[in-house]
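Data first, discussion second: the structure below is written as structure tokens.
Chain IDs A, B, C and D follow the sequence of writing; residue 1 opens each chain.
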């Protein structure tokens, strides 16, 4: 098989495997040094998000709130702040959640990342968009936001790729949005 | 393989293979004698037909008329008189026509039949609904009319079955509506 | 370095933002923690009886909570062509009979039963069905059935010759097939057997031996007048008796408890007056039952060809007394009806793109779930036991 | 006998009907003849240039007449996952690169190229691609390309390691694959070769030998500033030069005619004033070209994240003079743009569920075709040559 592109490997594997705030900074630093700067975005996109909000397959799923005022918004809606760079279907509408895949699917260990602003605490968070793979996908809660998305030439910030790698099936089902850490320290 | 049900065979194969008016009468006679009477329906269902006229996949296809005043109606619409017992997608919307399958598909030689009234000449025609098989089906021009449809216990008059037999693929694409002949002589 | 990148990215917005930061930072001194322990959801070993499987005939199956206002989707199972479902309560397994081609709509055909682990919804195993003869049609009752206390599954085959493939779900292998010429669909009979509806108007019953082979056949007298008033193939089971409504409004009870079926006297669902007003059963899954009562989708002004149209009312009958207990007006016309199981059953009615949940006692609408669009518009509702 | 059956079927209606019969019978003395010679449609050997392939990214492809008010659908091809299309004009063949799993969304993965006979749309053959490494993503330019005068096809692989699989379309077999670490997508270069866009901002060009193996590599200087103003991967080819617009409104010409590419000076699509009004290229298939001119989807008030949103205008440029010739206001915002070929080209714009057909000269809407709904809302338009 083709040899693994080093930069891509560091970015993808790195982000996928580590989740503490501190390590995110170091990865971030590493990437900046490596001239693969993440777009750091001061303002989350907000309600004008989901271009597919009238998607006929969206179905009516109940709103899902964190209950934490610092993490506001309905996780089944395209304008929830963590979805600022998502392109796909929301796992919250398929029996999964903001952090978990629906039953019978498999979460890809390799992922793409975005940077979204939390409207509550005004911080920029690095979000890992992990695709869930091998299940039924029929476009429910389709959501296309592209803040921070970049052409596929830089894969780790592109949301058009099916990020199902290292999974039994590479067939796309839906996407979760995990907080990896804060992008910039505010002081 | 399971032995072939005689009655079904005569009905299905018979209708599929013969198309002259005279022979239709004889088949009809045979069926009546065989106590598998076709429902003979004096009045075509008309415009209240297509329950899926608001189907999101219907697309906008141009109207198709025969040009013959004795065969009126738009063959891309569910209320066209020949469709009185159809359940499926209209081949006229897929690159086929009222009598032909779309390119790349295969017409099933075995079929189910209905009896529809031609509003122009007020005659009852026996219609052969041949399924086209092995192509792409995505619900465009979906049409569900059930005049003369009967439960699957009498298969040859049931429109829920995928009538793709003797074809390379049994995957349903769309349905054509062929005139086999007149059901009853008017005098 | 970092800031310089910010400025390169979106110069205009920074000023405003930094101001905002100062303003809000104090409220939430600590950032949200990183998400750890992200996982794949699993389901309880025993599903609540307020859940139901919705078979969007015939390419997707959804497990949905119909008993709570959260209305949440619990899981999906994929179907391809005429997918039908069996949910075991003897084993934590779900079975889907399905058909695929190696290249989607073309290529090599494979008929198969997928065995899902009910808790993880992972594929536990699959059983390939031989002969490429599984019946392909809009998903309906009678295409796939248990018998022998859920040890065996029966798959209806149609080529258009009719047969039944017998499968051992415990050993996970095919045992054989049985010809049923001129007959359609399978309904469990007795301890280990099935019955099927024949085009001669009779019911053929086949008793099976341990190995799933035909041990005996018996054909009932003709009771299904296909020319004049055929029975729907949708039925409700109450106390071991299966009730088939007819297109014009009779109901035909058949006792399925013994090895040979007993065809019981039919009786009318409609009075003479209602008959002249052309009240008839109508829809797809047209009848449901609980331990005691029958619930039938009914439509006024029915005519030739409207027997699969959505119905305006649900009529509730007591089969013991043959009396109608009440009529329920539906808030919107419905095509498929079912009753959830458990202590407080719910009446589920699929009405176009909605699943309406009614109180079966008082007929009031409790809640309405929006469904995903699908082409056939036909649904088979299978509430969890 | 016959009549008795009529009466059994629908007694009420007969009277009225027989009357009607008498009334109308005279008008049409002979019944319509039986339909004989029912058949499967075929297509002309050479398609009219007023037809276009519409790739509904990424599960279906439609061949549609966009040049006539009949707007008719000519044929469909099935796609499954990230299906991409190549239409030969050297041979009456159509190629679709696709991926399936043996059980739909699970099971054994197969990447393959289906070869369709262009006249019958029957499957002439297929070429299975090894390694399960074909890139799966929303269908876009650069995933599947011809080279060597349509003898070879190139398939972009992404696992997420990048490579290119080289296929001989005439011998219908895979020749091998070529690693392109850190680079993405394939664009034909020279007589027999391809170029690919690298994450270091360069373009890597690979020359191929007769057997489809790498005969030489050359990497351009960095010209694609990924941090500040990256190029779209959508491009237009005019006179052998490929034009890539950038997110902020430059266009980057690259001469692809020789074995090594020539990176030509970029130039702005927007004036200083337009830049401050944030006019930017925007959409999916954002740029198209005819023999002489470039057509770019443009959007005002663009901001971070809007680069794939539908655009309000099409701007027409002459790349020779770098001058903008005109601005065309779209009747509704469009996401993909293409020009039909032939004497009187048409400007095709996919705008949501519609395909709008404009006069590229005067910008007036000629007609609008309704499309089928699909989930991605993304389309690749490939007009017939």
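Everything below uses one rule, namely that contacts are C-beta pairs under 8 Å (C-beta built on N, C-alpha and C of every residue); 3 or more make two chains touch, one makes a residue touch a chain.
The shown structure was predicted, so the numbers you read here are calculated from the model rather than taken from an experiment.
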- Give the fewest steps needed to get from chain A to chain C, where each step moves from one chain to a chain it touches. 1
- Task: Please report how many Å separate the Cα centroid of chain A from that of chain B, as a whole number.
- Result: 49
- Query: Could you state the distance in Å from the CA-based centre of chain B to that of chain C?
  - Reply: 28
- Separation of mean Cα positions, chain D and chain B [Å, integer]: 35
- At which residue positions does chain C touch at least two other chains? 5, 9-10, 78, 104-106, 123, 227, 304, 373
- Message: Touching at least two other chains at once: which residues of chain A meet that condition?
- Response: 37, 39, 41, 56-57, 135-136, 138
- Task: Between the chains shown, work out who touches whom and classify the graph as line, ring, star, complete or other.
- Result: other
- Full set of chain pairs in contact is A-C, A-D, B-C, B-D, C-D
- Note on the structure: chain C partner, complex, touching residues on chain D are 5, 8-10, 78, 80, 100, 102-106, 110, 112, 114, 123, 126, 227-228, 303-304
- Item | Complex contact set, residues of chain A against chain D | 1-8, 12, 35-37, 39, 41, 45, 51-52, 55-57, 84-85, 87, 110, 134-139, 142, 144-155, 158, 160-162, 164-165, 168-173
- Taking the complex as given, what residues does chain D use to touch chain B? 1-2, 5-6, 8-10, 13-14, 17, 20-21, 23-25, 27-28, 31-43, 60, 63, 69-78, 116, 120-123, 369-373
- Query: Can you list the chain A residues touching chain C in their complex?
  - Reply: 19-21, 24, 32, 37, 39-43, 56-62, 68, 70-71, 93-107, 118, 120-123, 125, 130, 132, 135-136, 138, 140, 176, 178-182, 184, 186
- Give every residue of chain D touching chain A within the complex, in rising order. 81-82, 99, 101, 104-107, 109, 131-133, 135-138, 140, 157-163, 177, 179-185, 197-199, 224, 226-227, 230-233, 304-309, 373, 375, 377
